[in-house]
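Per-chain residue numbering starts at 1, and chain names A, B, C, D, E and F are given in the order in which the chains are listed.
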């Protein structure tokens, strides 16, 4: 419901615009792909057909790559020097999250737990992101 | 604020999971790219440096392509026969929205108005999408 | 032979040009990729080496994605309101064909039959496409 | 008409299948993109709106890249040692055609003549291709 | 000469292999693309033909994106906790370098000086990279 | 060490710049990806976990495609008529190397030997490349 409201009230999302050429950032992009990564791991665990599992790994690899890409863009293009001063943990948080996207993407085990850890790290980044938007 | 709440409450988004392999859909993906398309048209209008304008058109073209891709995926992978029966306007709505993404992407004029029309069409799709999620 | 003639007689293909920026459409693009999807399913069935099968699924996934992309472009960029009035089944035909590209791409079984159904749907679209070109 | 017949008679195109994993080759893929390259150069010449011209160059660059890609795939994956023996000009023909795709793509002038030269080179390759299919 | 020697002596590059799935890292990948970014800025400055300049900006945008991608991969996949402890400036160095790739890619002015600053930052990263390889 | 020197001495690499728009060529790009192809084949042989092997094949396929792409660009964009006259074996060498990238990419067996053969072919091309740079 809240999300629907948000989708139908674009003028209220002034916080999503910034002053750079591409100008629009939202951690939801990384999060949606990460939800997909986790969901695929769950389906993989529940289905042992080899063709299904191969396809699951192919798509999971792509989704993980997209998670990393969206996070890298936030880290490089959105966050600036004053943010890194105020949130000294931010660099490491992004490094952990993109590493986790790799891990959740299939390095090591194919485990929904990895997907959840990835989601938790993205939520920490999102909390800081929206705090900087309010500032 | 509401968005932040949502980002921090992943378990509440059960509606975002469906029964297909890639399993996660959200019209927000198309919407975020469309906000970018509109924002770029505004910056284009406000800056007549030729190198800036060329870069704006390059990036706008990419963002428009992403809007179309996210909408096409929703139309093909998420929506099913019962949805098209219940919402007979849905096919045309998607065709209009993807055409508008092309128009907003630079065909015809580079005009923030086109970007807004695209956002309005995506919001109509999102309304239907979230209704089907509640059903 | 006929195809060779066609390839050597570019001036005769006036029907392949339209009035949009990218200006050239041909359902053959989707069809060639769909032939590849079907051929890969046949080879998959005939060879049970695990590495071969994994590679077959990787390439089939890419080819299916290309089928969908070429069909989406036709549906959004080539076909216009008068076409959809004259051929009311066109929206559903494209939705079925792109869904079939997903299915033939590995959702469900890896079966040449799915590839053939995809080819049949593309041929129905091609028939309409060339009728509109003659009009 | 002939093309329509071909599209509706898939079983007749046995020549389009070969013994490799991806298994389907057709010079039409390069040709369709090259027709697009030439058509864009014509539209560019006929329209001096700067935003239109920039978009034309962006899309032309992408189409040229696709021409090159489709030609490279034919040269590496389809043609084999016996073909190169029988057609000693084949290497140079492909090198000229891919260089012409770069030229038609905007290196040097933006000229429909370059697009036509590219089409002529692709037609020479297609002639050889279909001869090897008949053999 | 030295490079040639290196290219002809693959067994000597044991340091380029690590224990991850994709397993091979080399800052040269980012550097080569960054040289391209700088070279394009020089050619842009020397040629005021509008079509040439538009193409230069299109290609520069792509090359800059590749610089960023190769740097992000190094930062996420190659460097580990002990590296970040030993080189506390490493996070900021990567953030500066990827931001500079964006700047050199056309944000702000199209200036070979930006390209050189990007190369200098990549060289600082490369120095640390090769030190960790020797360790 | 030698490589480090090279990376830290950008001004010494005048040979890496040419007179074309994208202007920078280096066989190291193909070589680094080919090292990755070979390394992945070694890891594949050493680990029989099915998920690991599937991921290895996915990434190997991508790396092989990049090897081919970098070689094709060198062959089409860098080498010119006088080079092909002076080195009549050059066309065949590139055709063999790109075919080997396909083979090393998983066609036939997944064998580090294929990766080594690919590296050897790239080194032959690199020798000629650097000779033409000195000329």
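Everything below uses one rule, namely that a residue touches a chain if its C-beta (ideal position, glycine included) is under 8 Å from a C-beta of that chain, and two chains touch if they have at least 3 such contacts.
All values derive from a computational prediction rather than experimental measurement.
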Shared interface partners, meaning chains that touch chain D and chain E: B, F
Numbering shared by both copies at the chain D-chain B contact, with half separating same from different: different
Chain separated most widely from chain A, comparing mean CA positions: D
Chain located farthest away, centre of chain E as origin (C-alpha): C
Mean-CA-position distance for chain D and chain C (Å): 18
Centroid distance [mean C-alpha coordinates] between chain D and chain A, Å: 39
Cα-centroid distance, chain A relative to chain F, in whole angstrom: 33
Residues of chain A touching at least two other chains: 21, 50, 54-55, 58-59, 107
Chain contact topology (line, ring, star, complete or other): other
Which pairs of chains touch, using the document's own definition: A-B, A-C, A-E, A-F, B-C, B-D, B-E, C-D, C-F, D-E, D-F, E-F
Of chain F, residues touching chain A in the complex: 50-51, 54-55, 58-59
Touching residues (chain side chain B, partner chain A) in the complex: 1-8, 10, 13, 16-17, 21-24, 26-29, 31-32, 35-36, 39-40, 43, 52, 55-56, 59, 63, 119, 123, 126-127, 130
Residue ranges of chain B touching chain C (in the complex, touch as defined): 20-21, 68, 72, 75-77, 79, 84, 91-92, 95, 98-99, 102, 107
Touching residues (chain side chain F, partner chain C) in the complex: 50, 53-54, 57-58, 61, 106-107, 109-110
